[in-house]
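See the structures that follow.
Below are two complexes that have subunit A in common, paired first with subunit B and then with subunit C.
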Partner chain A sequence: MQFEIMRDRLLDGLSDVVKAISSKVTTPILTGIKLEITEKGLTMTGSDSDITISTFIPVEEDGTQIIQTIQPGTLVLQAKVFNEIIRKLPTNEVMIELRDGMKTHIRSGQSEFHIIAQSADEYPILPDVKDAERFEMPADLMKSLIRETVFAVSQQETRPVLTGVQWIMKEHELYCIATDSHRLARRIVTPEIQANSPFNAVIPGKSLQELSKILPDDSTAVEIFIANQQVLFKLHNVLFYSRLLEGNYPDTSRLIPIEYKTSITINGRNLLQAIDRASLLAREDRNNIVHFSTDGSPHVQISSNSPDVGNVEELVEAVDIEGEPLKISFSAKYMMDALKAIDGQDLKIHFTGSMRPFILKSIDSEAILQLILPVRTF
Partner chain B sequence: MTDLTIANPRVIMHLDMNSFFASVEQAANPELKGIPLAVAGNPKERRGILVTCSYEARAFGVYTTMNVGEAKRLCPNLTIVPPRHELYRQMSDSVFDILRSYTEWVEPVSIDEAYIDTTDIGGLTRAYDLAQEIQMRILAELDLPCSIGIAPNKFLAKTASDMKKPMGITILRKREVPKMLWPLPVIDMHGIGKRTEEKLHSAGIKTMGDLATAEKITLEALLGKNGLRLKQRANGMDTRPVDPESAEERKSIGSSTTLPVDLTELEDCVPIFERLAKKVAARLETKLLAGMTISIQIRYADWQNTTRSRTLQQAIYLEEDLTKVALQLFQQHWNHEPIRLLGITAANVIERSEMVKQLTFDNFEQQEKEYEMDQLMSSLTQRFGDGIIKKGCTKK
Partner chain C sequence: MSQKLHDHALQSQKQVIDRLTMIHKRQRIGHAYIFDGSNGAGKEAVAQYFTKLLLCMDPKENVPCETCNSCKRIESGNHPNVVLIRPDGQDIKKDQMSELIMKMTKKGYEEGRKVYVIVNAERMNSSAANTLLKFLEEPEGNVTAILLTNSYPSILPTIQSRCQRISLQSMNRQSSIESLVEKGVTASMASTVTMMTANVEAAYEMAQEDSFVQRRRLVLKLVEAIEQRTPGEALLFIQTDWMPFMKEKSDCEQGLDLLLFAYRDIVAVKAGLQSTISYPDQLEVFTGHSVKNTYSSLTVKIDAVLQAKKRLHQNMNRTLLLEQLVLTMQEGLLFV
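Showing the complex of A and B:
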């Protein structure tokens, strides 16, 4: 095989593909990137067996010639080495050539590398997404729904299914739900192009975080294919596959309270800053807990106390407070995560007692819901 | 490293109560004075071992940790009383209160030992008189004897308090270290146990003098950082300050029991752990504390000791929780050899008010019930007084 390619375009493609490369893989071939050159263009694939990313660089785009294929073929190159070499080559023209068995020549300007390739025969084929449910969403919307949910997945492997975000399509709405059993984040969107039938899949949080990094910040359409064990996100020239998590995701709908004892309308940014200040005194080795109370005045009181360090108290003006007075304590981190996901504006917090889950929503939309379980004090 | 003792001379006292438990018993019951007396686990059971004994008993060759049968053989007139820890704790607090009436620089080390930094209360000029006054007050007010060591640092003070017992006052100066300490075998030095002694012997280090003059490299290879520390101590150097708070931080609450017969079956150990957990829980309750780290102690029939601990995400204080963690640790670490002693300790304790429990979807409903119950109980107790209501249990 032999081809010439523009270095900047090759690097763009590589920067996506290397996101799937992990040094911890058990299959040695997966430390490499597979390159396949045809008359149409170059396809590069990287995988850690959970995530597989494949990018395509066409021979020609908008009248500019990017690749000149001299001889089609495939090979696998060590990902780290290949990426570093391409990054540091002296000119924008790169010639890659395989000859004498597995010896690969990479030439650019006066520089020439000889590296050993592996045969592509051993490289796993792309995951199967036959019979998939297909729907579509703009990239920027997808990016924000990932940001609004993925932080709430469990960081512990004790219940593997909770390390993923549940995507469940019902009645033409896509519910994205993440919980680590201490808090829950839910985002509802209505995709423009709908799937043919309802589905229910759990996508690893880590996959969504990686996907988020390669999604553009514009409304480019992303096609989503949800199959039995795999999900495929298809962007312009990039295929992003992820394994789905097995196991039953708990039914979270019954956990969300629908009747409230205390409802508070408050500015999200002011509250976030107050919680952030209150958590300054928390000691690193202990849970970072803030106390939150209302007493009939139009303020909420935020306080925190660390016996060795000191204590802090702050009043935050509420827009409106309805219902019973309340005293509740919760993790400052969970509260800040939730407030950041709702992003700034006025929001409503609904409580049903100091030992029960409470929810946060934007005042003008039901699309985002954040739920937090308080802590019990003694 | 700067030598703090030179840059900033201090006068540290180490106070050591003489055969504390026995002395408390004698103070409480004057009939026990002047006779051979021992406090032992449970005198009726074969495994009762002496927790402490009076000086009259020591004259017969009786010593602490000896078992009751053996002690009785050496001294047939030995009077044995069961321990009363509550009383010892009270008396210990009274001793520390007397010390704190002189200075706030009091660091309790254990129930019957404390360091006092007397530099600011005239220790530099009249340490001996001060020590005498403290000793006489403890004797007059509490009827308890003690020995006091006076020295420029903690290590020497502790060494000095050991030199004259009972009712001794000993001054140990740094310049006396070569004459007084260096001829002693290393095992006599505080901080050196059997294991360390063996290692030192293997390198030909027999006396404290050998240790004081040993090569740093040799000691570091042998004992790591601790080797260097021991060398400094053997040269009479110790820069640890008297820290009144350190006892607070280390605080732990535990209970252990020597078993009437060696146990070999898990089901026999379960009720023992339940009983120990109950005791620890009761003591945590009276102080309103909870433990972040739970450890168990196993002593095997051949006197091998094993301690295993687990640090939890959430502090615990309930009998059931203590039992659960202790049994988990036990099942994980017991090597199935016969056991003669078991213990549970709650360490890393925090105030109950500092304690929080993150609720989860799986537990919040049950926690809410418990919380309401606790609220109800504390409001009843507040209205009608202590003991008006207690948690019961379901009959199995």
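Showing the complex of A and C:
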């Protein structure tokens, strides 16, 4: 194989691919980057066996020639060495050529490197994706839906399936659900382009966080393909694959209460700040617990008591309070995470007694739902 | 393992290979296996063979093709659906196990079965073993575990009960001895090396090593020194002759094994079981020793060697270890 490429474009592509490469892998081939050159362009692939990032550089873009003199072929080069070499080459033209078996020549200006390559046959095979499982949504929506759910995944590995976010397609709506069995975050979106067949997949939380880092902040369309083993997110010239989690995700729909005894409408930002202040003292305590109560007045009282440090009380004005008076306690951290996910505006909190889970929703949409289990203190 | 040793291991485990072939033919593949067999029996070779069989793209008559992409990548350790872990230092730690389980609870990178191999499974520490236990109990998806061990009883009974046991045969010792003699190894040397390892190739290499021949000679001298019952001489022997040739821990372990086999012979001679002896050339000398020793004094001595082997693994100072060993073996005589 042989080709000539513009160095700056190669570096752009490499910068995404190296994000997937980890120094801790046990499979020796995954310390390398796979390069595949065809008449259409160059594909580079890097992986840590959980996630895989692939970038494509076309032969020609907007009338400029990026790659020239192509002889198709594939090879695998040590990621660290290759990246450093390309970064430090003297000119913008890079010539890569595979000669005499596995010896790779990298030439730029007067400098020439000879690198030992590995055979691309050793590289893991990426799954085939079918258009049937394809759907599409804008990158910024995807980014926010990751932000609104992924914080709630379990950090403990005792139930591995809970370390992921469930993506399930029901009646043309995509439900994204994350729970660590103390709280739950659910986001519903309606993708612009629907998948033909329904699916139910659990995507590891860590992979989604990595994905979020490479997603742009605009409305570029992201194509999503769910295959048997892996999920593929495709944006422009970057492909992001992640392995799915094995096992059945628990049925969470029954956890969400439908009838409420107390419903409160309140400004989210004010409540967030009040809880943050109350947790200053609660944090000293092991559980970080704050108390929340209503007594028929148009205020809710937030308080916290830490015997060694002191106590705090604050009244927050509610927009509307319906139903029975209520006393309840919960983890300040969970509440703050949930309020941050709903972001700012007025929101509704529905309670079903002080021992039952309660839910937070945005006032004007059903799309985001946060559920928290209270703590027994009263 | 060199290719030659590898092939040899597979040939010598024909029965096990046949059994694995049957398992594959009936497509009744279990979720966990323990392969147990002595050192040199070819456990890793058999595990690799089985992994290839499970993942081969085109197995012919339940034999992996060895030429497809899967087989080749298993050979080079690059198959993404196969994970192999070995003890990190002294034992297999909990972190290694959690990492393994996190990998195994994700769906395979490629379609098909996932396989994990735990080498020296008896060296899992207790928290690692308990972490694994939970995963072994209820594996998610298409997973097969292969645990390799040379000491089946040291594996937690709760793990044993969740795995199918496949015992690798030790080579028939008599036939190994014969094949070594054919290659030009002396009969007495052949008897000794086949006690050390079950693999004929490895045994042959050992018999060719000068340092091993030297060590065998030293051990026989040590037996003499111990049996003469003059405490000073045996201690002196340790200082002047033994230590210079047993610099490394592995050398020392080999030495202790040889010593153990010598006393095993003496007991065997005393009991009249001459067919299994490891030092046939010493038969007369050993007969002499067996007359002088009672069964209980021999037990004390063998116990002392086993103790010393254990302490060697705890990194005790080796000179002190051997001096203590010699003294216990001789004092044992005075008290019984």
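The rule is short, and it goes like this: the second predicted complex is superposed on the first by the 322 of 378 C-alpha atoms of A that agree within 3 Å, B and C clash if a C-alpha of one lies under 4 Å from a C-alpha of the other, contacts with A are read in each partner's own complex, and residues count from 1 in each chain.
Here is the rule we use: a residue touches a chain if its C-beta (ideal position, glycine included) is under 8 Å from a C-beta of that chain, and two chains touch if they have at least 3 such contacts.
None of the values given here were measured: they were computed from a predicted structure.
Q: Specify the outcome, clash or fit, for subunit B and subunit C once both structures are aligned onto subunit A.
A: Superposition result for subunit B and subunit C: fit.
Q: Touch check for A:Gln156: first (subunit B), second (subunit C), both, or neither?
A: Neither: A:Gln156 stays clear of subunit B and subunit C.
Q: Considering only touches as defined above, state whether A:Ile29 meets subunit B (first), subunit C (second), both or neither.
A: So A:Ile29 only meets subunit C here.
Q: Of the two partner chains, subunit B (first) and subunit C (second), which one does A:Ser329 touch, if any: first, second, both, or neither?
A: first
Q: Specify the angle subtended at the CA centre of subunit A by the CA centres of subunit B and subunit C, expressed in degrees to the nearest 10.
A: Given the fit on chain A C-alpha atoms, the answer is 60 degrees.
Q: Taking the superposition on A as described, I'd like to know which of subunit B and subunit C A:Pro250 touches: first, second, both or neither.
A: After superposing on A, A:Pro250 lies in contact with subunit B but is clear of subunit C.
Q: I'd like to know which partner A:Ser111 touches here: subunit B for first, subunit C for second, both or neither.
A: After superposition on chain A, A:Ser111 lies in contact with neither partner.
Q: Considering only touches as defined above, state whether A:Ser365 meets subunit B (first), subunit C (second), both or neither.
A: Neither: A:Ser365 stays clear of subunit B and subunit C.
Q: Just subunit B (first), just subunit C (second), both, or neither: which does A:Arg376 touch?
A: first
Q: Aligned on chain A, what is the least Cα gap between subunit B and subunit C? Give it in whole Å.
A: Checking C-alpha atoms only, subunit B sits 8 Å from subunit C at its nearest point.
Q: Subunit A residues touched by both subunit B and subunit C?
A: On subunit A, no residue contacts both subunit B in one structure and subunit C in the other.
Q: Which residues of subunit C touch subunit A in the complex?
A: 69, 72-73, 76-80, 83-84, 98, 101-111, 140-141
Q: Quick one: which bits of subunit A touch subunit B in the complex? Just the residue numbers, please.
A: Interface residues on the subunit A side: 179, 181-182, 250, 252, 255, 286-287, 289, 307, 329, 331, 353, 355-357, 373-378.
Q: Could you list, by residue number, the parts of subunit B that touch subunit A in their complex?
A: 290, 351-362, 364, 367-368, 371, 374
Q: What part of subunit A is in contact with subunit C in the complex they form?
A: So the residues of subunit A in touch with subunit C come to 26-30, 49-50, 121-125, 127, 157, 160-161, 204, 228-230, 243-247.
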